[in-house]
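These are the structures, in structure tokens.
Note that chain A is present in both complexes that follow, paired respectively with chain B and with chain C.
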Partner chain A sequence: MTLTPDMSAGPARARRTGAARQQVLRRATPYLLVLPLLAFIATFTYLPIAMSVNLSFREWDFLSPDKPFVGFENYRLLLTSHQFWNSLQVTAVFALVSVPLRLVLALAIASYLVRETLPARVLRGALFLPAVTSTVAIGVVFSWVFATDQGLVNGLFQLLGLPKVTWMQDPQLALWVLILVNTWKQLGYDIIIYIAGLQAVPGELYDAASVDGGRRFHVFRRVTVPLVMPTTYFLLVISVIDAFQVFTIVDVMTRGGPAGATDMLVNMLYRVGFTLFDIGTGSALAVLLFILLITLAVVKARVIGRKVHYDS
Partner chain B sequence: MTKTIMSAGALVLLGTAIPATAQTDTTTVEFWHSFGGSSGAALDRIIENFEAAHPDIDIEAEHVGNYNDIVARLQAAIPANRAPDAVIMEVTRYGLFADRGVLLDLTDKVAADPLSDDLFDFAREVGVFEGKNYIVPFNSSTPVLYYNADILDRAGFDEEPPLETYDDLLTVAQQVQEELGDEGIRGISAPGQFARWGLIMANDSDLIDSTTGEILIDAPNTVEAYEWMADLVHEHDVASPDNVTDEDTGKEDFLAGRSAIMMNSTGNYGESKEALGDALKVRPMPCNKVCATPIGGAGIGIIASAEARVQDAAYDFISFAASPESNAIWFSETGYMPINRHTADQQLAKDALADKPGIDVAINQLDVARGRPRPPVVTWMRATEYDMWQAMALGQREVEETLQDFAEQTRREEQRQN
Partner chain C sequence: MTRDRMLTLGALAAGLLFLSPVLYSIWMSFQTANAYYTGTLDFTLRNYAVSIGDYGFARYLMNSIIVSGLVTIAGLAMATMAAFAFARWTFRGGNLLFAAVVATLMIPSHITLIPNYLTLARVGLLDTYAGLILPAISNGFAAFFLRQYIRGIPRALDEAAYMDGATPLQVLWRVIVPVARPAILSMGLFIFISEWNNYIWPLVAVSDQDLYTLQIGLARLYKLNPGEGSIDWPLVMAASTLTILPVLLGFLLVERHLVRGITMGAVK
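On to the complex of A and B.
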């Protein structure tokens, strides 16, 4: 078979063959263009996921040449362990508190900073700074801030005649410190996204609401909130994933302690896999986390996604 | 034009070929270690001396982090074929790597090396796992008791108080806390894991019996030792809870003059002396029920998958690092114990013993020092112990119940690993 047109068959046939070849090329072009990216994603995303799933059914310590198949044993061990349910609970509390907190604060602040004044511009930059600062550096600094003996917060408490608080050692408090630090770090990013969403709201709608005598809060609730719903939905999806995958702040500030009080799922995954040499169970935990996040995304799409309108 | 291009091409090829030929004459040994600061500088000096004596070998040393970091990074590097050629391994945690065939069996190399006769028995022993030699000792240590004489003086101790039993330590720590607590000075730094192990041994017990392998985590004397240690933080408030959640802060507090007493590796001598000067005093670990202390530190192992030529070069370096000359540099600048019988003959070592009071405490303590077990489960046990300690020291769980649970988990893990 050859793609060279048979010139003896006449100009009409040659034109048809040439046209057919061009059509094939036109259809194939998009696939050829995305092929490098698909190959990249397949190699660095899908293949590792498939390997993790495979490892989750095996027993392996990273060092042994053998990886015996153990069926669902790693999943059984996880689902019957106190540590897994503790981690799930800690992560859920972290997400349930930090996500709404981030969204509410970000929208409130963005509503103020959306105006084009010099102080608003300066504040935007200042608030965005933590989002682009190294998480490790933030973790180290806040570890000092909340240290019991030499910490800045307890130093202020002492000046006020208040007793020292064991911020990082009290299981009831350590998680709240992490929520606070994580919110502080992520808030700038949420604010910038909200400002972009707010800038897309047509000014006439506010004018119309003003003419109708709408009060400020009423306008905010009836005009602003519904119209930034696509932004809220986007941030919700992103921040829930972020909350379930939080690791660096935990690793630097508490390493999951005290006594498991901040042992979030990814921290547990790291500990099981890379400290306790149990890659099979660590992979099973990664697979469970993946399923959990997919489930949450589907639930969000069903429950909230339907209420999101993309037309102004 | 064509000729010019061809000539340029030939030059480029020649240019790349020359270094490639030169490179084959030098053997590069990638070496991961755990020493920063003044210890890192001492190691650099030893490496420089080695490279000067062996111009055909290049040691590419990398400070990877602490012992835990090395273990974590090594296990990830091995399946990725990115492991180094030589690595520092803590004496209780290399058993897993030896058991899984990651470390080269050095038995023949050590036997053929005159160095083996020069090593102290305690140093030679730490490199042996199941009858074979897998690491050669480099930095050997025992925990010792450091105290800040200025703080004790200000707390009203006119002369040195006894520091031999648990009660002695608590009495001193409480008095310091009472007198100087308002200034932010603590009576004692909460013991880190190495010191905890030492305090358990001083109470006539252990975590795992080094001869029989029996798990002693829930033995009555171990429970008693942990109760005393936890009470320092939880009950008596003489040690900072910060030291429990971040063990490095115990040393930081002591070096900054915010804590009167610290029990820690003798390898901290150099840094402590630099920070506290003449106020630093060093004493043996307490003998609560018996005098006993663990031997710690690390040795250098060679990765079995390295090329034979690189393995030979790595062993040359390991042997050099344990020589009297190198060991004297290491001992005098860090405080880690001499591992070579001839180290004491070196001028550097003689000067250190004469000029640095307290640097010999760990050496004198060797009579009651003993090696610790190193079966594969120890790596798991040590990683898990931190969480258990936090729960007990911060008063979240009863000591006895926690240790029973911990012992059960360790026994299960041991069965799983076997």
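On to the complex of A and C.
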């Protein structure tokens, strides 16, 4: 960065001290500019990580004056509890089903909506709307859609002469309802990102493929899918992190029930930390979730990283 | 009817079908509970009067506007200043500090939940606006995005201003901010919507009903009334519509090129 010193200052000496002061200020400028952001990040993101690790080795109920050090006791309790493994399994199923579902549907729909025509834009707008809509409101609306009595789906079932289904009270079904609602909400975001990725693919590649007599699905598989691999990787990272942090939709629709069938890791974290006030165990759970997501990020980078950059 | 017109109508129908649960919930909010349960039609604004009057949704709406508005303004200011520094200066530690900002994108936010609660409890900021706002302000994504954008702005513009004796803050405010306006506005929209829809932090940080945001108010109203069959769905849907509507209206305003496209098609 070249800065032009102020040449209009008065007498020589004043100019020199003024220039010296300006020199200091000039050096300090970038630090002063980043200071507010970094101060907030340090206080509300990095310091809390250290605090969580520290608290996870202690026993504390938020009220008592001392927080005795208990070593790995909180981790041992968690790792031997049924609740933790249940939550981990439920969250993993949620992620393993909803992430591929989102990506496959989004890419298929995006490849139809990629053109800048009026119908494509109308549909894109409609599909994107849930992504910016309040999750709580969506949870409330879909609680009505899947309500046993007076619900939309059971109402339609009744018209067709089918029996009522207890969608959200059945441990076999509740998780699938949540996956469906979450997919409905997030799909539009994935589509918009895929469309941006598809629009970056040069049109000649499609022309060449169709000149070669490629059928539509063949072109899709051989040309489109490999070329949007970087986009897929981006969405995969985002949606896996999303899936392991799902909370709001579950808290509103099922509160983890019935019988723990939809008890995600963050729902368990909230319950342990803020209704049982078991700060130590809650922190241990937060640390485990943190380690899990960082590991996933590293593994994905290893596995998929090669495929993403194969063309460069 | 032309093929284009039919495709457009088809797309519109598919979009409406996709959104039908939400659209029907809005329709339902204008019905009396009695009419809803008996399957008749009886329009009323009573559900809105009750949710705004008896259940405090006017207050929640104001709280949401205050919290999301202040988070957006403060968040944008900090992100833009930092982005300007990272884009325009090479300084000792700069790369490390930038990495620290970008790394926050990978950190699952829930690890900060219990510690931030404890920190704010210690300084007595639970159940205050400040407690809702402060932990939400720093936004690594906005800083990263704006830094990329500012790097694309020609340095000659900055240098011309420095020649005229401008200070860095004046260059930021008079040169960078006007040029980067589209990026700053879209980041502002992004921050506002995420904060508007934020649920877990207000749930943790606030127990005083006067400080509820719309999300907390709506969830509480729905949960107060959990008995299947006895639930007043039209009232719940009025509250839900109040929660959705501001973002929906904003979205329609911003997506005006969508509307322009529709009118252009109509003219053709």
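As a working rule, the second predicted complex is superposed on the first by the 270 of 312 C-alpha atoms of A that agree within 3 Å, B and C clash if a C-alpha of one lies under 4 Å from a C-alpha of the other, contacts with A are read in each partner's own complex, and residues count from 1 in each chain.
One rule holds for everything that comes next: a contact is a pair of C-beta atoms (placed from the backbone, for glycine too) under 8 Å apart; a residue touches a chain by one contact, two chains touch by 3 or more.
Quick caveat, the model's predicted, so the values are computed rather than measured.
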Partner with the higher number of touched chain A residues, chain C or chain B: C
First (chain B), second (chain C), both or neither touched by A:G260: first
Touching partner for A:L37 - first (chain B), second (chain C), both, neither: second
Contacts of A:V122 with chain B and chain C, given as first, second, both or neither: second
Touching partner for A:S64 - first (chain B), second (chain C), both, neither: first
First, second, both or neither for A:W85, with chain B first and chain C second: neither
Touching partner for A:Y112 - first (chain B), second (chain C), both, neither: neither
Touching partner for A:A297 - first (chain B), second (chain C), both, neither: second
Touching partner for A:F72 - first (chain B), second (chain C), both, neither: neither
Chain B versus chain C as contact partner of A:T133, first or second or both or neither: second
Overlap of chain C and chain B interfaces on chain A (superposed complexes): 62, 143, 147-150, 274
Chain A-touching residues of chain B, taken from the complex the two chains share: 68, 72, 75-76, 78-79, 96-97, 100-102, 184, 186, 240-242, 244-246, 249, 253, 258, 379-380, 383-384, 386-387, 390-391, 394, 396-397, 417
For the chain A and chain B complex, residues of the former touching the latter: 61-65, 143, 147-150, 166, 168-171, 254-260, 271, 274-277
Contacting residues of chain C [partner chain A, same complex]: 4, 7-8, 10-12, 14-16, 18-19, 21-22, 24-25, 36-37, 77-79, 81-82, 84-86, 88-91, 94, 97, 100-101, 104, 106-119, 134-135, 137-138, 140, 143, 159, 162-163, 165, 168, 172, 193, 196-197, 199-200, 203-204, 214-215, 218-219, 222, 228-229, 231, 233, 236-237, 239-240, 243-244, 247-248, 251, 255, 258, 261-262, 265
Chain C contact footprint on chain A (complex, rising order): 1-4, 6, 8, 27, 29-31, 33-34, 36-38, 40-41, 43-49, 51-52, 55, 62, 117-123, 125-127, 129-130, 132-145, 147-150, 152, 184, 241, 244-245, 247-248, 251-252, 266, 269-270, 273-274, 279, 282-283, 286-287, 289-290, 293-294, 297
